[in-house]
Each structure stands twice: as structure tokens, then as C-alpha cells.
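Have a look at these structures, which come just after this line.
First chain A sits with chain B, and in the next complex the same chain sits with chain C.
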Partner chain A sequence: MALNIVVCVKQIIDPEIPASQFKLDKANKRQLREGHNLVISAYDQNALEVALQLKEKAGGKVTALCLGEAGATSALKSALGMGADEAALLSDPAFLACDQFGVAHALAAGIKKLGAVDLVLCGCVSGDWGDLMVGPLLAEELGIGCVTFASRIEATDGALLFRRVVETGVERIEAKPPVVATVISDETNTPRYPKLRDIMAAGKKPIPVWKAADVQVDAARVGAAARRVEVDDLYVPVRESTCELIDGETAEEKADRLALRLRELKLI
Partner chain B sequence: MPGILVVVAGEGERLTRNALEVLGGAGRLHQKLGEGLAAVALGEKAEAAAPALIAHGAETVYTVSHTLLKDYQAEVYLAALEAACAKAEPRVILLAADSMGRDVAPRLAHRLRGSMVSECIELDGDAGAKSVRAIRQSYGGKALAALAPKAFPAVVTLKLRTMEPAAPTEGRTGRTEALSVTLDAGKARTRLVDRQAEGSTGVKLEDARVVISGGRGLKGAEGFKVLEELAQVLKGAVGASRAATDAGWVSASMQVGQTGKTVAPDLYVAVGISGATQHIAGMSGAKAIVAINTDPEAPIFKLAQLGVVGDYRQVLPRLLAKCKELTSG
Partner chain C sequence: MDFELTESQELFRKTARDIADREIAPRAATVDELAEFPRETVATLGELGFMGIMVPQEYGGAGADAVSYVVALEEISRACASTGVIMSVNNSLYCEPILRFGTEDQKRRFLVPVASGRSQGCFALSEPNAGTDAANQQTRARREGDTYALNGSKNFITNGLEADFAIMFAQLDPALGHRGITAFVVERGTPGYSVSKVEKKLGIRGSSCCQLLLEDVRVPAENRLGAEGEGLRLALRALDGGRIGIATQALGIAQAAYEAALAYAGQRVQFGQPIARFQAIQFMLADMATEIEAARLLTLRAAALKDRSASYSKEASMAKLYASETAMRVATKAIQVHGGYGYLKDFPVERFFRDAKITEIYEGTSEAQRMVIARALLHD
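For the complex of A and B:
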């Protein structure tokens, strides 16, 4: 069955920059951009990969949707380069001031503007704030079901089959579209690198930019005043630890000394 | 009386570590806020957990017992929780940040028009100001955020292996109330087809006092053999980074990290693990961290107390032999 899939992607500052380069914008209570690379949050990339694989098997369309600053079109171009068919950006000061509830409300409005959808995907956790809320909140906003921590998705006869990763192992969950799923990585969904010709084609594709007035949002649900949680403080914790590097002429000598040190510290 | 409500599911006479951690966090918040502390237990025979919940601090226990609650299903659990919250009228709702808590909590907060803080590592309250403060890690643990809910009820999921578990008190009394809730299987939008337990022999990873973990630097499944042997000698468990499990070298159930298992052992040995932010999120609670890596610039060395810059293929076999020698006496 052909599937209409929307993948919500977030553009974030590369989380793997060295810790020494991590600086905070205390006034705005977030990380300082400082010219660091911007990337699509890792699990959102897995979500794109899952969507593209599903499209390859079942047919259909993949649309990448992003809520971000004006420059986030670069993330969407990346998604198009990977193989997404369409992309759209939700960009408005009111959206940027949202908490997760506001973000989900705005994304849902964007999804509704895109038309009938079978599957909404996003990463299971965001690469910057480490929140796991937007996926389940999207399900509430759209009035549909949700499967979290799905590593694989199959389209069967009129239904979708999810492989859900839980503490004790895996579950197989069945749901009829439309449904939301948050995606976790595994060996089957490593994100593909965009092909050069797809990146070039992506450069030509128009990416609509939607402000709050362009989608049906409840003004009372977006913007700073709608925030349900305030960030009182954001700070870098002082880390006292220095690493004691075990010395030695050879690897074996280091190993011996490490074992003795562990014994000394009563750790073994 | 509006207060704190702890949510547990599938608990029996003996509470799991996750439940004890939430009760611990709830108890300490209760001391600060001075509001009532209640628990709601969901399951097929939820009343079995009531005595233990009371012994560990719940003043009131609401139980919702139903065959439909045997396995977690979002819409059904939400209906049961909405009914319990209508009865208990809590201001703060606490759940463990396990796969169920992470799935249900945001949706419960949405339905109750409340707020939510996820993966809280420290919970504080002020009785006078009637305020709650939740601290959580952000940016892969590089920063901490102190959050204040402005909308109530505030739903908070507590990061596993962070809260000091509650201890039982002899002779504590409390009230148990069985709630009669009509649950409709027709409301379920998803269906559990089956589940496959990823069986692991030996020490359970989440409870192990010693964890030996392997990452990308092991370059394949073979590399884990010497880690298994070392774990055996030290009576610990073997973990892995996302790189290793996504590559299919070891079972996904061994993954330590933000979306894998959270561990807080006495000793964590990271072998060939660079220390990516989401991995650290799963093991930063370890009391002592040892890093073995060929790259002296690897971020893991900023977190570890002890480090060896070297190739694990030379270091581990010798470390194994020496540990065997030292622990056999």
C-alpha cells in the first residue's frame, strides 16, 4: 500500500563538538551557536532512513517537516538529498519560543496542512535537549495512536507492523494508519548518505516556509506565554575529576598497573 | 487532597528497583512540599502491590485491576490513569523514565492540560511557594537545566538509576482504594502482537556492580570475547555502545546509553568507546569510570577517573590475567 509519510526533523548544533567548545547563551538559556556545524538530530536521521526504506518497499511519498529558524532549510535540503520527495519549514518567532507542547501543536498544524498522512515519524529522543516528548504529544494533537522506540516498520495488508525496543527485548506492535512512531536506531536503519545528483536536485526544489498565520494554530498554544515549564537556569556543572592516566612502557605494563590501582582503590 | 501521585504498573508484592526509585524521589519531594503522597498501581492484580507501596511511603494507594492492563497499551493505560487522577487530583505525577513512562507521560500531561519534565535527575520543592523544581541533563549531559513547572498537574519522569530508592518502614499504615474503571479495548489504537525477551545469562546489566563495555574501537563481535571473560572474573556484566549494537556486533539489549540501558555500577570500564554524548547519558552515574582507548583525545577521558591510552587487544588480555590473579587469592 502506498504510504504518505511525514518525517519531523530538528536541526541542532552538532552534539559531538569537543566539550571545551561547548558554550552557553545564558540570556536565551540555550547553547551558543558560534559557527559550529548544524546537523539533523541523529535519531531524526534514522527516522528519515526508515521512511525512505518504507517508500522503497511500499511506494508512496516522504515529506520532511522542520520547525526551526529560517536557516533550517539547509536541514531540509539534506533530507531531500537523502531522498525525501518534499519538504516544508515552519518558521516563526512564536514557534521558536515554544516548549515541547507548543512545538507539537505547531508541527501538527503543519502536518494537517500537508494533507492526509498515513505515518508520522520523528526520532525517539532529540539530540540537544534529550527530550522524548514531541512524538507522543503529536499523537495527542492529531488524535491518533503512537508507537515509541520503533526500530523497524513494515507495511502489511492495510496495517503497519512496528518492531519496538523495550528493556526486556523487542515487541511487535500492529497499528492501522494513520499513526505516529518515534524511531530508535538499529543495524537496519543507518542513515544513507545523499547522492550527489539528489543533492543537486534538492537545491532546485522549492521549500515552502510557513509562519504561524499560514497554518491553523491556536494562538494561545504557541509563543512564550504558552510555555508550561520555565527554564529557571541552564548551567555547565563544574567537573572536579581529572583522569589519572596509567603510565607504562608497554600496553601490558599499563594493564598490570591498572589492575593494581583498581585493587588499591578496592574496585576489584 | 491534591498532592504527589506515583504511578506504577505491573508491580507485585515485591516492588522493582524502578518503583523503589520513584518512591524514593516522591518521598523526598513529599518532605519538602508537605503535600499528600499517593500511589496508583495498574495491572491485572494491582492490589498485590498495595502493602509494599504503603510500606515504602504511600499514604494512599489506588489500585486499578483489569485484564486489559496486563500489558502496556497506551490508550487503555491513559484511560485508567485519567480516572485515577480524577480521583486523586494530584499536583505532581511521578513515573519512572522506563519505556512505559516515556511513552505514556507526555500524553497524560497533554490530556490533563498539565506540564511535563522528562528524565529528571533531581527533584525539589518549596512548600511556601508551592513550587516544584526539576533538574535534568541537556546537551548530552554537558549542561544541567533547572526547570519550574507553571502548569499543573506537573508530570515528571525520573531518570533511572539516579534517585535513591525508598526504604521500607516497619508498621507504616495507609489506605488502599480499589478504583472501578470501565476500560474499552476498542479505544486501543495499537495492538501488541508478541514480544521476544532478549535473554541474557548471568548478571543483569542494569543491576551489575561492575560493567565492562565495548564500543566502536573493538572493530567487531570477536573483540567482545575478552570483555566477557573479564566481566566473568569481576562478577559483572558486559555492555556496549550504540555504535557496537547498531553494527550488529552484539545484541541491542546490551546497549548502554540514553536510549539503551542506564547503569550506575561501582565500576564502569569503557573499552574502545569514544564517549559520545548519548552513551555518557547512560553511564555517568557510575561511581568509578575507567577508559581504555587508543585516542588520548577521546571525550571519555574527560569523564573517567582512570585511563589507559592503548590498544585493547594488548591491554585487555593482560588486564584479565592480572585481575584473575588478584581476585583469586
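For the complex of A and C:
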């Protein structure tokens, strides 16, 4: 079964940067991205890997879709370099400050513009805000089913088989396309490194940039005015570290005192 | 003047850094300690296209430009200088001359396997009595019908142990001087061709450095690279590109040493405060960062000239000279910032220091670079 797969990718600040370099725009309650290395959110990369493996086995097409600023084309080039066939960017001032509902609405409009799809994949959680909402909301917008926390997906005749990771173990779910799935990492979906020749090819592929007017977006459902989720406060937690030396005459005495102190601090 | 990388070049950098951080850096100390060729990572890099970055895709390469090569190689060398030189030799010294001087058949047979990462190449120019005086080739080539018989020895050949193909230089007739030097591709396993010694080195211990022996090695005429007598021109042209590679390797080592010093200076507390608060340390860090930036710009400038098909020989020498001496100065200061700990194998700066030294020597010593630069200045 050849599959038409869309993978939603989000461009975020590289989570590996030192916490000291992480800066906030307190007034607008957002992270300052300027000067930082920007990457595709980690689980979105797993989702892309799952999509590419499915395409390699079942045939079909993988399209990477991103909602972001104009510079987010670099995330899409990266997706093309990994092996996505096509990419599109949704970028418009109207999409700025969307909450998760707005993002899902805009992404759904982009997916509808791409035509009939069999499978829409998202990371299970975003690497910046830690949201788990966009995938399920997207399914709601598209009016199709949703499987969350899928680590592996197989295509059979007319159906998709999902390996879903839950607290008590693993569920196997069969779903008929079209369906949305959110992807969690496991050892089978470690994102591949792009081949350099594919990066070169990606550089030559055009990436359409769609404004709000290019897709069927309800203007009342995107942007700051449509927010249903409000960020109350945004701050970098202050971490304090102090050093306490445990004295003792012998190693045994030091160990005893250390154990008592740790118990006192409720650490053991 | 625009120093921004293109989106593709930036993606090359990111990809190289990801691989370097995840796959190469964690093994670099072991590769050094055991003097072990990093076979797995070299295979991964080869598969992804890092061994033929500037080779067109039709010949198995990535089809990218020299600037892309520089940004990728800096990241790899920053993690492991041994892996950096393996990459530089395959790209600059092996693939480039075959691409420039090889026939279509030679490109198919000798370029595709190396550019696509399936095989390794090496460049056998140096001899016991032909180092900086590269024209003093003692290895002899004797034409016998459709073959050449090669006799002699080569030394200091990087990748010599692993190479499936060697670009070999030999003298056809000593009376012809440098006009008799001719290049050949010799395949591993050719009778009479052997590795006679693997050297033990101060640094870049993960890459092999070998003596090669040629005892009546029969090479078919179709393996001759370029025309008879064209060998020295081919070698010097390859070395121009190679100098961009070694400048970049030096840059990667310097960057790694600087980053280690910066991190250590922020953590090491003396007299109740991190040593980074002392001006003596700050001045060292400032000098390191400034020199690295200058070396990077020189190297990218040489690469950009190469990409424009402009003359870049002088600029490549300037980049190689400055970047290699920068690597040595920065690595020395990085140890100084670490104090006694920097002298221990527990910290990576002693490895950077050992790795840096060779960049002032191979592919033209600093003195040879000054000769090239001075000659260009006086003849311009």
C-alpha cells in the first residue's frame, strides 16, 4: 500500500544549548531565538524517520510541513536532506502567537491543501514547550482518528498497525487510513543522518511558503486573539548549588554521617 | 563581503557537528590511546558522502563546493584530528587529482569507490630524500610495453595501511628532472607493492602513517594519471587543495582546544573565584578566539577562491601556515589555562597539543608555505 504521509515538524532552539544561554522575552512571554542553533524538535525527527522507513517499505511520498517563521525553511531543508520528498511552510504574521488550538487549525488547513493523505505524523511532545496537544487536536480538526505515542508503524493491506507505548506496556492498534499518529522514540526510529548528496538535492528543491490566504484558515481561530491557552508566566528556574563537607575521623564515621545527613534531607 | 553560509552549507555544518558530537568525539580519546584506525566512523562518514565532498555526484561524491568541505571538515577535526586527516587525504589528495587529471575510465575505477566511501585512497609523494624537496624523486618508473615497472620506497604516507588505491609518483628518467616525474594509480594487492613499516607517532595516532615498498610493481599504462612528466604539476596542484584541508584540520583542533580552555576557565576556582575572572586568563582566551577567527577567514577565503576557479595557491598556503601555527599556539595556551591538569591524559587538551604539531609539518612545512607565499609575492 503506497502511502501519502505528512510529517509535521516544528523548529525549536537546540535543547542542547547551555541553560545560561537561554534567554526570554518576558514582555511577550516567548523564548528569544536569535543567535541560537535551531533544530527540528526531537520527536518530530523520530516521526520523520518512521515516515521514511514506511515509505521505503510500502512506497509512497513523505511531505514535511512546518508552521513557523520565514527562517523555518532551514528545518524543512533538513527534512528534505533526510529524505522527505516535498516540503511546505506555513508562515504568516496571522499565525504568530497561535496557541496549540491555532497551530492545529493552521496545520490542518495546510494538510487539506496537500490533498488526500493516508497518515499524518507528529512528534508526541514538542521539545520546547512540552506540549502533547497538537497531534490529537490536529486529528480533531481533520475529523479523523488519532493514535498517540506510537513507536513503530507498519503498513498492511488497507490498514496501518501501530505499536503504542503505554504505562503498563505496549498496545498494538490497527487503524484504517487516514489517521493521525504521534510518535515516541525507540531504538528503531533513531533519526538518520542526511547524506551530503541529499542535502545538495534539498538545496535545489523549492519550498512553497503558504500565507493564511493560501490555505483555508478561519482567521478567528488563529493568532493571539484566538488563544485559549494563556501563558501566565515564563521564567528560567534558578538552580542553586551549595557544597557541604562531611567531617569524620575515619571513613566509616564519614559514611555514617553522610548517610544520616542524606536521610535528614529526605534524599534516601 | 558576505560571510554567511548558504542554507546547504549550514546544513553540512550541522550534519557534520551532529555526527562529530554523537559518533566521533566520544571515541576520540580511545582512538588516540590505542592508535586505532576509526574504521566504523570512517565507514559511516563514507556512506554519507564525507570522503568525496567536492566530487560530482555522477562519480559517487556529494557534488558540493570547497566552502562546504571546509565547514564539514572543521567539525569532524574538532572532534577527532585523526578522522579529520583521513577525510582530508581522501578528499583533497586522492579524489581531487583523479577528478582533475583522470580519464573517464580512471574516474569510474578509482574515483567512484573512494568518493562513495567504499574504499580508501592515499597519496604517495614523500620519500626518505624527497620531503620539502618533492622533485627529488628516487622511485623509478620504467616503461615496458603496455606496463610500467615501479621500484623504490615512499614514506610518511597517511592512510597507507588502509588504502585500496595509492596515487604513486615516480621518476621516468632522472635526466629529465621534474619533467620526468609521473603519477600512477597503484591498487592494493598488486604484486611487489607492500607496506613495509607503520610509524609510531606523537599525534593523530588514529590515522596510519606508513612506509611503502615498491619492488618491480607492474602497473598497466591505463593506470598512469595524466601524461608522462606531468606528475609534479599534478602533485603540486593536489597539495594546493590539500593545504585547505590541513588548514581546516588545524582550525578544528584549535577550536576544540579553545572550547576546552573556555569551559575549564569557567569552572576552575582559585583564590575564591573562577580563573576566567582573572585578566591573565581572559587575555589568553581573547587571543585564542581572535586567532582562530582569523585562521577561519583565511581558510574560507582560499576555499571561496577555489570555488570561483580563481588562483588560490598563495591563499591556501597562507591559510595553512596561519591555521597550523594558530593550532599550536592555541593548544599550548589551552594547556596553560588548565595548569597541571592540562598535562594529564585525563583532559583532552594534551591530545589537541600533540595533534596540532603535525599540521605545521605535513603537506608542506611552515617553512615551505613561507617559500610558496614569498615566491608568489615576488612574482606577482
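We take it that the second predicted complex is superposed on the first by the 238 of 268 C-alpha atoms of A that agree within 3 Å, B and C clash if a C-alpha of one lies under 4 Å from a C-alpha of the other, contacts with A are read in each partner's own complex, and residues count from 1 in each chain.
The rule is simple: a contact is a pair of C-beta atoms (placed from the backbone, for glycine too) under 8 Å apart; a residue touches a chain by one contact, two chains touch by 3 or more.
Quantities reported herein were computed from a predicted structural model and do not represent experimental measurements.
*Asks:* Per the contact definition in the header, classify A:Ala202: touching chain B only (first), chain C only (second), both, or neither.
*Replies:* second
*Asks:* What's your read, chain B or chain C touching more residues of chain A?
*Replies:* Looking at chain B versus chain C, the one contacting more residues of chain A is B.
*Asks:* Looking at the overlay, does A:Leu132 come into contact with chain B only (first), chain C only (second), both, or neither?
*Replies:* After superposing on A, A:Leu132 lies in contact with chain B but is clear of chain C.
*Asks:* On the A-aligned overlay, A:Ile246 touches which partner chain: chain B = first, chain C = second, or both, or neither?
*Replies:* first
*Asks:* Going by the contact rule set out at the top, does A:Ala175 touch chain B (first), chain C (second), both, or neither?
*Replies:* First partner only, chain B.
*Asks:* Counting only touches as set out at the top, which of chain B and chain C does A:Thr73 meet: first, second, both, neither?
*Replies:* second
*Asks:* If you stack the two complexes on chain A, which partner ends up touching A:Pro194: first (chain B), second (chain C), both, or neither?
*Replies:* A:Pro194: touches chain C, not chain B.
*Asks:* Applying the document's definition of touch, where does A:Val222 land relative to chain B and chain C: first, second, both, or neither?
*Replies:* neither
*Asks:* Applying the document's definition of touch, where does A:Leu24 land relative to chain B and chain C: first, second, both, or neither?
*Replies:* first
*Asks:* Flag every residue of chain A that touches chain B in the complex, lowest number first.
*Replies:* Spelled out, the residues of chain A in touch with chain B are 15-16, 18-19, 22, 24, 29, 31, 42-43, 100-101, 124-125, 127-133, 136-137, 139-141, 144-149, 151, 161, 164-176, 179, 184-187, 190, 227-237, 239, 241, 243-246, 250-252, 254-256, 258-263, 265, 267-268.
*Asks:* For chain C, which residues count as touching chain A in their complex?
*Replies:* 6-8, 10-12, 14-15, 18-19, 44, 47-50, 53, 57, 61-64, 68, 72
*Asks:* Using the touch definition from the top, list the residues of chain A that touch chain C in their complex.
*Replies:* For chain A paired with chain C, touching residues are 37, 39, 73-74, 77-78, 81, 193-197, 199-200, 202-203.
*Asks:* Can you list the chain B residues touching chain A in their complex?
*Replies:* Interface residues on the chain B side: 74-75, 98-99, 102-107, 109-111, 114-119, 133, 136-140, 142-151, 154, 189-199, 206, 210, 234, 242, 245-248, 252-253, 258-259, 261, 266-267, 276-278, 281, 288, 290-291, 297, 299, 301-311, 314-319, 322-323, 325-327.
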